[in-house]
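First chain A sits with chain B, and in the next complex the same chain sits with chain C.
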Partner chain A sequence: MTVIEKIQKICPEAQVSTSGDTIVTVPSDSLAAVAEALRNDDQEPMDYLRDIVGMDWSEGLGALYYLESSKTYGRVVLKTVARDRDEAWLPSVCHWWRTAEIKEREIYDFFGIRFIGNPDMRRIFLREDWKGYPLRKDYDMDSNPLNMENEENADDTVEYYLKPDGTVEGHRNILFDQKDFVVNIGPQHPSTHGVLRMRTSLDGETISRIDPILGYIHRGIEKMNESLTYPQTLALTDRLDYLSAHQNRHALCMCIEQAMGLEVSRRVQYIRTIMDELQRIDSHLLFYSCLVMDMGGLTPFFYGFREREMILDIFEETTGGRLIQNYNVIGGVQADIHPTFQQKVKEFIKHLRSVIQDYHNIFTGNVIATTRLKGVGILTREQAISLGATGGTGRAAGWANDVRKHHPYALYGEVDFKEVLYTEGDSFARYMVRMDEIMESCHIIEQLIDNIPEGETRLKTKPIIKLPEGNFSASVETSRGEFGVMLESHGDKTPYRLHYRSTGLPLVHAMDTACRGNKIADLIAIGGTMDFVIPDIDR
Partner chain B sequence: MEVKKKTAIRSMQYDEFKNNDYLEQMVRDLNRDGAGIILGSVDDLINWGRSNSLWSLTFGTSCCAIEFMALGAARYDMARFGFEVTRNSPRQADMIMVLGTITHKMAPVLRRLYDQMAEPKYVVAVGGCTISGGPFRKSYHVVNGIDQIVPVDVYIPGCPPRPEAFYYGMMQLQRKIKVQKFLGGVNRQEKKPKDMDSND
Partner chain C sequence: MNNNSFLDYYNIQDLNTAIHEALLSVMPQWLAILLEGLAVGLLIIVLYAVLAIILIYMERKVCARFQCRIGPNRVGGKGGLLQVPADVLKILTKEIISLKGSDRFLYNLAPFLVILASIFTFSCLPWNKGAEILRMNIGIFFVLAASSIGVLGILLAGWSSNSKYTIIGAVRSGAMIISYELSIGLTVLTMVLLSGTMDIQNIVMSQDRMWNIFRGHLPAVAAFIVYLIAGNAEANRGPFDLAEAEQELTAGYHTEYSGMHFGFFYLAEYLNLFITSGIAVTLFLGGWMPLHFPGLDGFNAVMDYIPGVIWFVSKTFLVVFLLMWIRWTFPRLRIDQVLTLEWKYLMPLSLLILLIMTVCVVFGITL
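So, the complex of A and B:
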């Protein structure tokens, strides 16, 4: 029985649409039943909720649920519409997928849909006194002028529940009460890797709760996308997770190319794959430098940046940019590779292989490092899946979630590489995953660098691109997890909705689970090994 | 009138800098009531020290901050200029380097940090985002230029600026500091609360 048949068995009125991605529309009343059945299926448990995408359709507000099975890697998309626009309610699915706790808050913040059963219905990115819901189509862009008042955060929140007579009522949930000792960390803190703010309550030195406050770098990219043409939307992807700039842009280009039915040349595939892997090494080197610096060691910072500069030189010669390269375009890449590209890359990999042992000598075996990382901040495999903590964080807990392996794109289906897996799920395992991945990336590049075929580097496209109607999506493995592009086109030259699956949002959400019961002194190290980049979370 | 000393920074000569007219105008304004010889010499000494040990408050919100980190590493080595000490407390910082987009939610925080810094203080706006909102100018949640919130001394354009551009901007700030009169008022530009009352 296919997934769709299973859904139709539970909910006969489910409709299937196949323009672009296959999407199953279920009425909001049946959503909970369908979710439960899919989640608890024996053969193909849909236990990984990739993302929930809020939507403002003309028929009403609603959401798309992107599901995947960690067993078979099968995927399915559910669609549901809330009945009433002014009083939009949907059932929460956070009992089956914990990641929904935070994603539903995002949708509430942007669309004003409230979720029945979600224990925490506060705004997440915008100020608590923000007026209106910016991603609704009728939002007035001038309705919230700059407010220089300091923001006060509430210590409680509201949870909605359905009463037997069918009406909805809210009750207060306490986040921090009078007796709690709350330490505020951020938003301007050197070791939170950006402008993350965490309200941390302590019991002695032990962390009892972390409440992340996001939005300090919320730039409204998804709303801006709706008024940009497709080639224009590309520029903003580099600035989301700037340490995965190539990969993010790769995802969006793939998604648009797939919708247009455009096939890029083999040469482009090679170049994109190599660039993605160079970017991954770049990011992991920075991860190493920052983690060690956060833990008090300065020398390794200089090691990491020494090698990183070599990658940036290679990027710069070909693309013109160091940090933000703006290299992938629809139909190919901006310009052909520099004549010395191949030689420089090979020299770099040779060099990296010769110095990587120094990295391990100075830090990995260090007794302080191991005591502060081993057995600390444990996230189990089940927790990682339920929280949607992809990338190195999930793989450190034994969840094989590498998009390159399980949903291959570009040339990943043809190259030989190992998916690095650990089982401990602690900070040390997360650190080791990244260090090992550096070597795997080198291995991938070595297989490709000498065989780049001749071919077009950029297909001609019209200056104005119109996509056919439908929903399209693409996902890639960025330096820190699965990055997804979810696009809905209504046939115009601008997207109707262009949403990005943030890699970092689930990781920040996972901090509460990973840190509870640990000491506050380990908080920064746990956060460092989670390896999030905040602009990607806030979008 | 000429700038009293044609400030060169390291091997950059006076004429190699752009915007010299701005500095000259500033010196003219400062010296309108004449320049004191003794105080002036003490000023020079203090300014020499101030300009070569600019401690910045790290205020990196996004991409531009990563380029700032590259400045701290071995290749670009900002220790050559005396900027390598970054402070995490506004009380200990001479200037604030705003690296990255400033959003509506962040704006009050930035203002508060600025207010917490001790005089004399400077603001460097790095990257398109801080100058005008940059690529996010049309967004509903991005401040279109931090000069709406805090006074800016130096703008460093770019998205992100190259490390060389950072240096150029920082050298411009050093030059500005070198011609200021520390004893003549820059160390207490903000009015005391009681003066402010009398103005109302």
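So, the complex of A and C:
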């Protein structure tokens, strides 16, 4: 029995559309029943909620639920529309997937859909006194003039519930009470790796609650995308997770190419794969540096930067950019690789293999480092899946979630590499996953670097691209987890809606679970091993 | 009996006496003592500032070497020699801000308490024979007592700033320093036992034949290591710098300080490093005593011609380098681990060392 048949058994009125991705539309009344059945299925439990995408169709507000099974890696997309546009509400699915707790807040913030049963229905990115819901198509752009007043953060939140007569009412949930000692970690703080703010409630040095406050650098990229042509949207992806710039853009290019039916050449596939892996090494080296510095070891910090500099030089020669490379384009890459590219990459990998032991000597085996990382900030496999903590964080808990392995794209289906898995789920495992992945990435590059075939590096495309109607999505494994592009086209030259699955948002959400009961110093170390990047969360 | 005449080669006791008598011949005694006191006070402050500049420069260069960097190399020609003096001038011109909601009096008092404790202990260091500034028969005890004033300054600074980061930093620092003073006290006691005196100059004199670390062999080496760990913690330096853990608490207890008030904390931190090393040298490495090997008379005689002050300063800088090496290698400990290390391991260990040393001294099993 396929997933779609299962859904139709529970909810006979479910409709299937196959323009682009296969999407099953279920009425909002049956959403809870369908969600529960899919989540608790024996053969193929859809236990990983990849993302929820809020939508404003002209007929009403609604959401798309992208589900995946951690057992079979099968995927399904549910679509549901809220009944009333002005008083829109949907049932919350946070009982089955904890990551919905924060993603539903995002949809509430941008679309004004209230989720019944979500314990925390505050705005997440925008100010608490914001008027209107900006991602709705009828949002008045002048409704929120620049506000110079300080924002007061409420200490409580609202949970909505459905009364028997069908109306929605809210009751207060307390986040912090008068007795809590609440310390702001951020937004200007050396260890939050960007403008993230965590309201941290402390009992002595022990953390009793973390409430992340986001949106300090929110740029409204998803809203901007709705008025940009497809080639223009590419410019913004590098600005999301700047340490996965190349991979993010790869995902968007793949999504658009797939919608256009465009097949890129083998040469492009090779170059994209090599660049993705170089980017991953770059990011993981920075991860090492930052983690070590967060824990007070300032010397190893420079080790990581020394080697990262060499990657950036390689990037610069070929792409012209170091951090933001703008290299992938629809149909290929911006320019062919530099003549010395292959030789420099090989030299770099040889060099990295010879110095990586220094990294381990100064930090990995250090007694202080191991006692501070081992057994600290544990996320179990179930928690990681439920929280949607993909990437190294999930793999450290034993959740095999590598998109490269399970949904291969570019050349990942052809190269030999190991999916690094640990089972402890603690900070040390998260650290070791990244360190081992550096070596795996080197291994992948070595298989490809000498065999780059000749071919076109850039297919000619029209300057204005129109995609066929439908929903398209693509996902790649970025340096810190699964990055997804969810695109809805109505046949125009601009996307109707273009949503990015943030890799960092679930990780920030997981901080509360991982940190409770640990010390402030652990908060910093756990945050370091989670390895989130803020522009990717805020978008 | 040893030939101890070398002790008088560079003894400046006679010079002191001569100056005092010359002054007495032209002025009453109270004025002479007042003038001498002022001169010595000025000397301490100048020495303090100069040493701080040297230490900061050294730290920047040493840490740069560890981190594959060059360090300061622009200001003041080759090697950036004038970088730190330039920084000092800059910090002197900075505004000292006052905070809303802070306890003004205590907020302003705290940096002075810290620097006072530091100068008190600094004055006890034995630079050379006859070149001690404060000398009393319970000298080492006075050092321990005076250095404890510093923690009061840190606690006050953290509390009076009216900020959550500073209070956490101050409480961490308080818990840590008070704990590690136990180990310091016990290891110092071990050495007092070996030397048979609490007078700092006499402790140095007792090492004329052989340094304490050799004389006390195993227990002394163990005590030296414990002292270095605990001393590092006392000086609030990495891996024990959690009171000002910048990655967690921005700057810990001195987050809210600016200008020279911050400068005092900074100065005291570096001088405490020097003092910790200086006391370690005094107790374990013979203070200003030259290096002697029994039997090698020629070698010993050559060593004797090197002035004591050079011995003292170079040995101290060696220990300073050792502490910098540790700081720039290790990541930071967590507060509960810091306290576990002290109460579960170092303190029992230092008690054991004390016991072994007592047995050694009583039965004469020392070299």
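By our rule, the second predicted complex is superposed on the first by the 539 of 539 C-alpha atoms of A that agree within 3 Å, B and C clash if a C-alpha of one lies under 4 Å from a C-alpha of the other, contacts with A are read in each partner's own complex, and residues count from 1 in each chain.
The rule is simple: contacts are C-beta pairs under 8 Å (C-beta built on N, C-alpha and C of every residue); 3 or more make two chains touch, one makes a residue touch a chain.
Just so you know, these numbers come straight off a predicted model, no measurement behind them.
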item: Comparing the two partners chain B and chain C, which touches a greater set of residues in chain A; value: B
item: Partner chain in contact with A:Glu205 - chain B first, chain C second, else both or neither; value: second
item: First (chain B), second (chain C), both or neither touched by A:Phe363; value: second
item: Touched partner set for A:Val183, first chain B, second chain C, both or neither; value: second
item: Chain B versus chain C as contact partner of A:Arg306, first or second or both or neither; value: both
item: Which superposed partner A:Lys346 touches (first chain B, second chain C, both, neither); value: neither
item: Chain B versus chain C as contact partner of A:Lys466, first or second or both or neither; value: neither
item: Partner chain(s) touched by A:Ile520 [first = chain B, second = chain C, both, neither]; value: second
item: Shared contact residues on chain A - chain B and chain C; value: 189-190, 301-302, 306
item: In the complex, chain A residues that touch chain C; value: 181, 183-184, 189-191, 202, 205, 292-299, 301-303, 306, 362-363, 366, 368-369, 371-372, 519-524
item: In the complex with chain A, residue positions of chain C that touch it; value: 63, 66-69, 164-165, 168, 172, 238-239, 241-242, 245-250, 328-337
item: Chain A residues within the chain B interface of the complex; value: 125-127, 134, 139, 141, 144, 146-151, 187-190, 194-195, 215-221, 223-224, 227, 235-236, 239, 242-243, 286, 301-302, 305-306, 308-309, 312, 322-324, 534-535
item: Touch list for chain B against partner chain A, complex; value: 58-63, 65-67, 69-70, 72-75, 86, 88, 100-101, 103-109, 111-113, 135-136, 138-143, 148-149, 159-160, 162
